[in-house]
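As structure tokens, the structure follows; a few thoughts come after it.
Chain nomenclature is as follows: A, B, C and D, assigned in order of appearance, with residue numbering initiated at 1 for each chain independently.
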Amino acid sequence: MTQNANAPVVTLTEAAKHFGAVRALDGVDLSVAPGDCVGLVGHNGAGKSTLVNLINGSFAPSSGQVAFPGGAAGVRSVFQELSLCPNLTVAENLRISHPGLKGPGWRRPARAEICAALDAVFPGHGIAADAEVDTLSIAERQMVEIAIGFAPRGGQARLVILDEPTSALDAGIADQLLAHVKRFCAQGGAVIFISHMLGEIFEVATRIVVLKDGRIVAERPAAGFTRQGLVDAMGHVATEEAAREAESRPPPGAVVIAAEGIEARRGEIVGLSGLAGHGQAAALARLYLSQSSDWRAGRAPRAVFVAGDRPRDGVLPLWSILRNITASILPRDARRGMVDRDRERTVAEEWKRRIGIRTDDLSNPILSLSGGNQQKVLFARALASDAPVVVMDDPMRGVDVGTKQDVYAMIRAEAAAGRTFLWYSTETEEVCQCDRVFVFRNHAISAELAGDQITEERILQASFEMQEAS
Amino acid sequence: GSHLQDTSDKRIALSNNYAGNSWRQAMLATWEETAEQAVADGVVAAADAYTTSENQATEQAAQIQNMILQGYDAIVLNAASPTALNGAVKEACDAGVTVVSFDGIVTEPCAWRIAVDFAAMGKEEVDYLATRLPEGGNLLEIRGLAGVFVDDEISKGIHEGVAEHDQFEIVGSVHGDWAQDVAQKAVAGILPSLPEIAGVVTQGGDGYGAAQAFDAAGRPTPLIVLGNRQDELQWWAEQRDANGYETLSLSIAPGVASLAFWVAQQVLAGEEVPKDLTVPFLKITQDTLDEALASTPEGSVANVSYALEDAQEVIAAAK
Amino acid sequence: MSFLARHRIVLPVVSLAVLLALTFWMQPRAMSYFGLNLLFNLAVPIALATIAQMMIIMVNDIDLSVGAFVSLVACVTATFLNDAPLLGLLILAALILSYAAMGAVIHALALPAIVVTLGMSFVWGGLALFILPTPGGAAPGWLRTLMTVKPPVMPMAVVAAILIAAVTHLLVIRSGIGTVLRGVGGNSRSVARAGWNVTALKALAYGLAGLFGVLAGMALVGLTTSADANIALRYTLLSIAGVILGGGEFTGGKVSPTGAVIGALTLTLAASFLSFMRLSPDWQIGAQGAILILVLTARLVFARRGGAA
Amino acid sequence: MTLLQRLSRPWIWAWLAAALAFAATLGLTSGRGAGELAYAALSFGAFAAIVGMGQMLVITLGPGNVDLSIPATMTLAATLALKVMSTDPGTALLGLGVALAVGLGTGLANFALIFLLRLPPIIATLAASLIYQSLAIWSNRGLRIKPPPGLADFATGRFLGLPNVAWVGLALALIVWVVLERSVWGRWLLAAGQNLRAARLAGMPVEAVRAAAYVTVAVFAALAGYLLASFSGGAALNMGQEYLLMSIAVVVIGGTSIAGGNSNVPGVWGAALFMFLVVSMLNSYGAGAGVRNVLTGTIIIAIVIAASTRRPGA
């Protein structure tokens, strides 16, 4: 059976997916041909991940069709929530998705193939094929997962769907990925690239598709969009200008925290930066744990935590959205040890409104929310408390542009009211929102930057110094 | 006899599979008494007791193998299973160790057996009931732990007895696992669906629990055959004083461990001992109740301790 | 990462070695062909049962029915397999298949394995009582011969332990399908997304557990020469302890077959070690608990060192 | 609430099964003895329910959490309490105090092994239970001491037609239910069971919660042991044995998720009644031990399947 080289890899016609009353995807027409790099954007909960799941067969469409004119072989997905087996080695994880590796001696080709794939996408990655995945950092895991997506696996990748692949990667590694995507498409592969970082979309996409509330609201070649036009199409009122509005915050007050070599003052936003996996997240977690107790929880905690690795560190999966929001403020609002359920609902409703969690009922399970909306719940959980210190571990992972601007503003307002923020981020853009930045390299602080010193170049310089020297 | 050799350098071990009830505790106490005295008198060099943590044949088999390794000259054995220890017992015999089993005996031919005729015990219960209740009636049977040899033997004897005395009918049968609370629970559960009960046949240790269950259900207390536990005997005495209650109590005496000790000593001394010996069970009747109650420590089991002479008698009787 | 954290097998090996050294010191007779066989031959069925448990723990479940299942197999072996070998084999095969079916049902209906296996433990126990209401039966001659064979150089128990460890290591750690099975324990969603039928994989893991359970029951009868319905009930807890002692973890598909075999040997040896100590009968039971705690406390050192990485 | 939603409550199934077993038993006597049977079920179900509720709190902590020392704790608490009381009238409260102190002690010891030595709870409680068993043997050599008459009368007595022990079990159930459903502490427990790390990072005192759960189960077991010994006329070394599997069975049949983070108090009581009634039913029908075991197992699995397949989204 011969195929026209330009026949689409996948075609969706009127594809829809409903979860009960929720119309996650509401009739979508989309076709991806070899050589296409489709940038898929949309607000949190727009239906992007649902679309991906329709294409890779995780969900059957409620109505409409998903067709693969050339067969479904070679269609790969890299998921938003990491999906490697943490107990297996990198090479063994390749084995899981490569049934062709069989018989005695399968390990050698497996190691060779995954090394080649990693080298191709992320030159100089430093990941051993025999390393167990749970010893790798989250960025390294993401790299492995991407490499498995592009690996030949006994055939040839024809369409690779990347659902927010860069959310855990730092800028340098993300650039390597973007370069690889471009090469891959130039050689006739197809990619669907989902990201909330519009810069990346503009860099790789040949075509941009904007999803809004489960429908495609715009689909044009990338050149046909401006950044602002894209934001408008996604339908969020906040403008990026809001981000840099005049600062009218009082000067920082007394030192409220000094640990792990990090010092922060009252009302200050302190950033932690550096390449992913250089000890920032661990330092942050230790710092938070030292501020709270395994044994006691008072009405007024000293610090609260916003997790970035949602399934591991944040979400309480069996609970409703409501209970997830109020998890950290139970002692404060309790009466004689009993939860005040009316007050709990009031607080949760208020934060749903303030931070814009997309749900019609707070009693819905937390897992019915899209990734970005789950992240908003974690924000609400922290901000709803009165703790003077807020510790944030890459908290904007998967949050859409519009919401990000709102959250930035909210953080600045809270800081002005006297809260201190410790903010680890993999995105330089976010670090630049901070008053002071500590750059990590090899599990130690390599630079402390303040005010005007906080620029992308200075941060990169501090992150790489050692590597350049050695 | 002068033909016997000196056993003062011999070492004997007790392999016990279970310590979780008052019968076994009394057995261990009797062993300890006998052993201490025998060691002090220079009859044997050592007589150590070992108990497994779980009532399981596999664990006891391992224990026997360890005793072989430790070089004991004789192993006195209360076995978790009559057949599942045969492998280990054979290994012991092959290593030149004398094995004497009692209460829970083993079928391996190389071992000695001090058996209680459990089937006869079950039958005697029904025979007794037949003398007391000539016109017969409904019986409730309380069994022990399913799948265990003793349970099956006693039950067999009971059914044999019922076949013989056809005025009786077993209308209900429950497993009480030889535990008071389990028996009480099982009886309480089956009672509502049973017609009037004339007698209860038990395997020992369940009588008091059964009486409690009848009481709680507001039913008249039937004729319950007891099993020599002190609390049963005391309950019996109370009932007797209150309303002239009359019954029978029988069980194997825990002191049979001391008998086994002396048999092992005799074998080591070179005495010709037949492989199969029997001991009578300890029976308490209306007449001997007060005497038995007086000699039984509170919360324990009626007991007799056997001396060397008793062992020699048993051996002579079997020859 | 520390040496110990990388090689979780080191700890079980060291515990076994220390315990063995202490045993030899207290009871030099044990240091012989004959002695080693006596010390370890009853560990062979335990090791097989531990491997069976490990297959289930590998896919993130736990099996509370291993002991009852091994007892049932022992009863079948001592009766049907002895009297009518063909029928016996058929029954054993059916038991393995029913184990596989149990795995498939647990996964397909998303049932908690602990409850289903708890229920099945009653079922296996009941069936065993049907077959052998009273202890008895006899081991088939060939099985008895196999379990009492005296190979040159090393006693049967040691040879068997090495063989079991080697075969299961190849099966679970080295082979491709073993890797996928461990993947099910690590992240079954990812395995499903890669196109595997996870229900079939679970059935396979449970089927393997059933197979090793059958081997355990047969080996046990070969040693004891007969069976009863309660013969191996304690294997349930022993096998769980063995897997953990061998460096396995309850969740996440982290298991070590070699470690599991060593764990089973260690548990068996610990009991012997205690009987060599000649404690008062009151404390013999408690000492078994204490030694279990001691051996496992070594994990603490391991965890502290590993945790630093 | 629709019928379907009602059926989706996992505890309904335990109660339905208990009702069926009850009806089937009475079918044999065409209704005679209903009161007696219900009374017996409530008496004996109470013990299973009390230990079951303790076990439920621990199982709620998530996979791998279970207390296997319940039988040993029951035996040790009962043995020491009855020994201290030595059948003297007026010592019931002293005995209760001793029993609860034993529970507190074993609970703390279990948690110390789990927390300080980082032993997996299954192994820690199993190993510790052997030590408690030895302590019980050593302290009383298996002698069966009778409870003081007043205490025995209380344990076997009734109030408003229900057995006193059932009142105790119901009161505890109410307390546990309120704590789990309404209190901050209950929320912490449920959160810790879903994702311990996330709960800790949300500022919850997870170690305190874990310790409290392990102490509570031991105290409940001790109380059950004290009551059971008083009820059945003395402590025996093997008295708690059947509550090992029973405590787990009533929790899971009652609809508590074994994956943690989700517990179910009414279900524990339903399952406790069921476990008594099913054995009574099979005994009444004259089933032998083999049939009884096979049917009990089959029914347990059937309940779990029924309860789980009706759960929407499960």
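What we mean here is this: a residue touches a chain if its C-beta (ideal position, glycine included) is under 8 Å from a C-beta of that chain, and two chains touch if they have at least 3 such contacts.
All of these numbers come straight from a predicted model, not from anything done at the bench.
Identification of common neighbours of subunit A and subunit D yields C.
Centre to centre, using the average C-alpha position, subunit A and subunit B are separated by 71 Å. Centre-to-centre separation between subunit B and subunit C, using Cα means, comes to 34 Å. Between the Cα centres of subunit C and subunit D there is a gap of 29 Å. Each chain gets a centre from the mean of its Cα atoms; for subunit B and subunit D, those two points are 32 Å apart.
Of all residues in subunit B, those touching 2 or more other chains are 19, 53, 146-147, listed in ascending order. Among all residues of subunit C, those that touch two or more other chains are 128-129, 133, 284-285, 288-289. Shared contact sites, meaning residues of subunit D that touch two or more other chains, fall at 130, 133, 137, 141, 257, 289-290. The set of touching chain pairs reads A-C, A-D, B-C, B-D, C-D, using the touch definition from the header.
Across the complex, subunit A meets subunit D through its residues 285, 288-289, 292-297, 301, 303-305, 307, 312-319, 323, 327-328, 330-331, 334, 337-339, 341, 381, 385, 387.
Across the complex, subunit A meets subunit C through its residues 56, 58, 77, 79, 83-88, 92-93, 95-97, 99, 101-103, 106-107, 134-135.
Across the interface of their complex, subunit D is touched by residues 19-22, 24-26, 29, 53, 146-147, 172-175, 177-182, 184-186, 188-194, 208-209, 212, 215-218, 229-231, 297-300 of subunit B. On the subunit C side of its complex with subunit D, the touching residues are 64, 109-112, 114-116, 118-130, 133, 237, 240-241, 244, 250-251, 282-290, 292-293, 296-297, 299-300, 303. By the touch criterion stated above, subunit D contacts subunit C in their complex at residues 63-64, 68, 113, 117-120, 122-124, 126-135, 137-138, 141, 245, 248-249, 252-253, 257-259, 288-301, 304-305, 308-309, 314.
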